[in-house]
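One chain, chain A, appears in both complexes that follow, with chain B as partner in the first and chain C in the second.
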Partner chain A sequence: MDILEVSELNVAFPTRYGLVRASQNVNFSVKEGEICVLVGETGSGKTVIGQAILHLLPQNAKISGSILYAGEEILSISDQKFSRLRGHEISLVPQNPTDSLDPLMRCGQQIAEVLDICGTSREDQLSRTTSILSDLSFSDPELVAASYPHMLSGGMRQRLTTGIALAASPRLLIADEPTKGFDYTARKRTVDMFLDLERMGIDSILMITHDLVFAEMIADTAGVLYSGELVEFGPAADVFSSPLHPYTKGLVAALPKNGMTPMPGMSPGLARLPNGCYFHNRCATPCEENSVHPVMRKVCGRFVRCNRC
Partner chain B sequence: MQPLLSVECLSKNYGHGDIFHDVSFTVDAGETIGLFGMSGSGKSTLGKCLIGLERVSSGHVLFEGVDLFTLSERKLRKLRPAMQMLFQHPEMSMDPRMRLCDSVTEPLAYHERRKRSDVFLDLLPLIAAVGLRSDLFSCYPNQLSGGEIQRAMMVKIYSLSPKLIIADEPTSMLDMSVQAQIFGLMKNLQKKNNTACVFISHDPYVMLAMCDCIGILDGVRFRMMSAEEFAEYVAILSV
Partner chain C sequence: MHHYLIKRIIYLIFTLVIASMFVFVVVNATPGESAEVLARHLYIGLEEIAPPELIAEVSERYDLNKPILQLYLEWIGGILRGDLGYSILFNKPVNRLLMLHLPPTIFLTVVAMVFATTTGLVLGIFSALHQNRILDHIIRVGTIFSVSMPGFWVAVMLILVFSMWFGLTPISGYGGPPYIILPAIALGLHTMASITRIMRTSMLETMNKPFVMFAKAKGLPKRRVIVSHVCKNALLPVLTIIGTSFGTLLAGSVVIETIFSWPGIGAMLMKAISARDFVLIESTIMMVVFMFLIVNFVIDLLYHVIDPRIIYD
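Then we have the complex of A and B:
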């Protein structure tokens, strides 16, 4: 069953440079018990998708489309109604753990705060906090609970924000860039942690990242975003081992372990998108005509947005 | 021939045990040396010591045969244009209140006492070489992406035609495809100017792609390895 189904999601922001279309006709679904990863570069609109799901977009955003959570429409419901879901059912691990933690509050308190809102009694809060921290493989949970965020390393803060997101036992976790700036041992530990969340009752995760290596290690299904659009979506093993869209091919070839072959050019600004294929001027195998905007089509069990495939 | 940079028995401590000790290596012109280690292994501190931003506890850093730490501040200032550092956070290495055109022309305007507008005209070929449009330079850093700022940073650094560049994880905050582009650029500019480069990173595959030989900082002792030896070392690490 699909726990999350996003269809025809459009998000745009009016700016003085024109309408910035941050996300266009995005369709994907997360099945229960699955880790779905959206891979995209800076400015591809990946964070906007996560924020749209959680009703966290700024007031001036123009949103259309539909988002179903467990079969129920959540995009059009009021913020007040949604606040009953946020944290309890769908939870967010924010992008920057250092900025997302309160520097003046002890780490344990920051988890207990969530429990407090959920109505857990004072006595239980302490034991629950300790058990959450030890589940996240902190070797000394009491010590961590008593320390302040600045006393922890980047990886530990990451685990702490995950702990806060998990405190109300949500069903769906949205993790935004959980490995930004990590070295590869820390990355490996993050992978282990997310794979281990299953044991703690979280089974569906929507992960948003620009780290292709991390995505490859963890994903069941994967989507690749380019200039606000999904260009490829399907089983992760297929997408990364035999990419179909020229952009995905370029990304895979740009990985250091694959020889770091750079793609030419830069992604177009979201306010000045061309009419035809957005990737046309960077494509290694461009179509002669670039007047028709490609649509998502089903090719070999996955969806690809390319006129050539 | 005397190496461009030679490091002899360098060690550094902040008063509670050594960050690193007994680090020795040499860098010739046009060569790329990698410094590999996990977060907290002292690789950035070592990078700063090489360029004189941080004092060492013992040992010598010889740049073209001159010991950096015996020089007076005034003499050191004369050497500084020849060695440049590329930092990890591009957004933080530009002054947020200066337009990019003012930032990138500042080094030459300062060291050669020239007018910024003249300097900017001279920089246009370099700006084209890193793949930026010159109209972007009227922007402030917060209006640009990390990749664009890091490219602008390369214009700023290469404008001085340095002999040595210390690159401290220049792409760990950038996207994979942008990373590949920046590294391609660095290699091109390096070949053209015969610049030596000390490259700091925690990504073993980046090391293999960029460096001629690699020094490993892992707390025990400093070791230099050839690229082939390092490939074997990485294979063992990831098990």
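Then we have the complex of A and C:
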């Protein structure tokens, strides 16, 4: 069963330079019990999708489309109604753990306030906080709960923000760039932590990342974003081992283990998108004429947005 | 923390010593023959010209001929023994004069500070939460107005409107609670406006921080996000302003007290300056400097209570 179904999601921001279309006709779904990863480079509209699901977009954003959570429309409902889902139904592991923690509040309190709004009693909050922290392999949960964020290391802060996201046992976790700026060991630890979440009762995860290696290690299904559009979506093993879209091919070829062949060119600005295929001028096997904008089509068990596939 | 306290206290003493030298030199350098001015104030009348014999006698009697270093050391020695000197003009010990006039000034300053801080914070938070709506614009125009109007003019206008036209408050004097309202507003308005503006900016800046977005994502209701995450973090820059404006308020009280016939140090200081009663001027200013330093010392310690990232060593 689909826990999250995003269809025809469009997000745009009016700016001085024209309408910036951060996300266009995005369709994908996350099945219950699977880890779905959306990969894309900076400016491909990854974060915007996560924020749209969580109603965290700035007020000037123009949003259309539909997002179903467990079969229920959540995009058009009021912020007030939606805030009841946040935390204990859908929850967020933020992009930057250091900046996402309140510097003036004790770490334990930052977990406890989530439990507080779920109506947990004060004594239970304390024991729950300790058990959440020890589940995330903190060796001294009481000490961590009593310290302030600046006293923890980067890795500890990340486990802490994950702990906060898990506090109210959500059914769907949205993780935004959890490995940003991490080295190989830290990334490996993050992979283990996310794979371990199943044990803590979280099984559906939507992961947003630019880290292809990380995505490969963790994903059940994968989507590739380019200039605000999803260009390929399907089972992760297929997408990464035999990519169909030329952009996905380019990304996979650029990985160190595949010889680090760089892709030429730059992605077009989101305010001035061409009419035809956005990838045309960078494509290794371009179509002769670039007038028809490609649509998502089902090819060998996955979806690809390419006129040639 | 212990080390920090000792270090801060040494700094405090050092600042006091430097300030005392500065105050002493500047006051003694006041233009005009001090013995002559003093003689006119004490014996003959302001419009007369003092004869040279009288000037010589006044200089002799009040030790005005002594070298400045000796005068300074005698003054400091007295302060260390708890004796702030003797006022020639009022013919009373400075200690007694300050005991009489300092409490009304402290009272006025504290009430003005409380008014400025509470109103400033409330308006600043309100303004930030209603950004770019009509009330926000009204508050912002009001604060620009309050910052640019001189305190004495505001005082006169307040008297005109609330005392003369509406008859709500006493015009001037020192008595029950109604007497403090207008002086406190006139004195604190400027500070209130700066606190409002800084709190508004600080709130808006904090609301864009990632931890506020995460607080929302955690499922906290908007009110709780504002109260327990935004406001507390936004308060930090305002704290510094509160400390420094305490000095502005103490200094500003000299003018405001004169307008409202408030029996504080203001009116006394004015008389002392025009009569060149040096010891009274110097000791009073040192008292003000001392209070200012103590308040800022406390604010520094408060920082530590609010912001755990500040480590003193």
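Keep in mind that, in the parts below, the second predicted complex is superposed on the first by the 309 of 309 C-alpha atoms of A that agree within 3 Å, B and C clash if a C-alpha of one lies under 4 Å from a C-alpha of the other, contacts with A are read in each partner's own complex, and residues count from 1 in each chain.
Convention: a contact is a pair of C-beta atoms (placed from the backbone, for glycine too) under 8 Å apart; a residue touches a chain by one contact, two chains touch by 3 or more.
Keep in mind the model is a prediction, meaning the values are calculated, not measured.
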| item | value |
| --- | --- |
| Partner chain(s) touched by A:H88 [first = chain B, second = chain C, both, neither] | second |
| Partner chain(s) touched by A:L212 [first = chain B, second = chain C, both, neither] | first |
| Which superposed partner A:P256 touches (first chain B, second chain C, both, neither) | first |
| Touched partner set for A:N281, first chain B, second chain C, both or neither | neither |
| First, second, both or neither for A:T130, with chain B first and chain C second | neither |
| Which superposed partner A:G154 touches (first chain B, second chain C, both, neither) | first |
| Chain C-contacting residues of chain A that also contact chain B | none |
| Residue numbers on chain B that touch chain A, as the complex places them | 38-40, 131, 145-148, 172-181, 183-184, 202-206, 208-209 |
| Residue ranges of chain A touching chain B (in the complex, touch as defined) | 41-43, 153-154, 180-186, 210-212, 250-251, 254-257, 259-263, 266 |
| For the chain C and chain A complex, residues of the former touching the latter | 209-211, 213-222, 224, 228-229, 232-233, 306-309 |
| Footprint of chain C on chain A - complex, ascending | 54, 56, 83-88, 91-92, 94-96, 99-105, 113-114, 117, 148, 150, 161, 164-165, 167-168 |
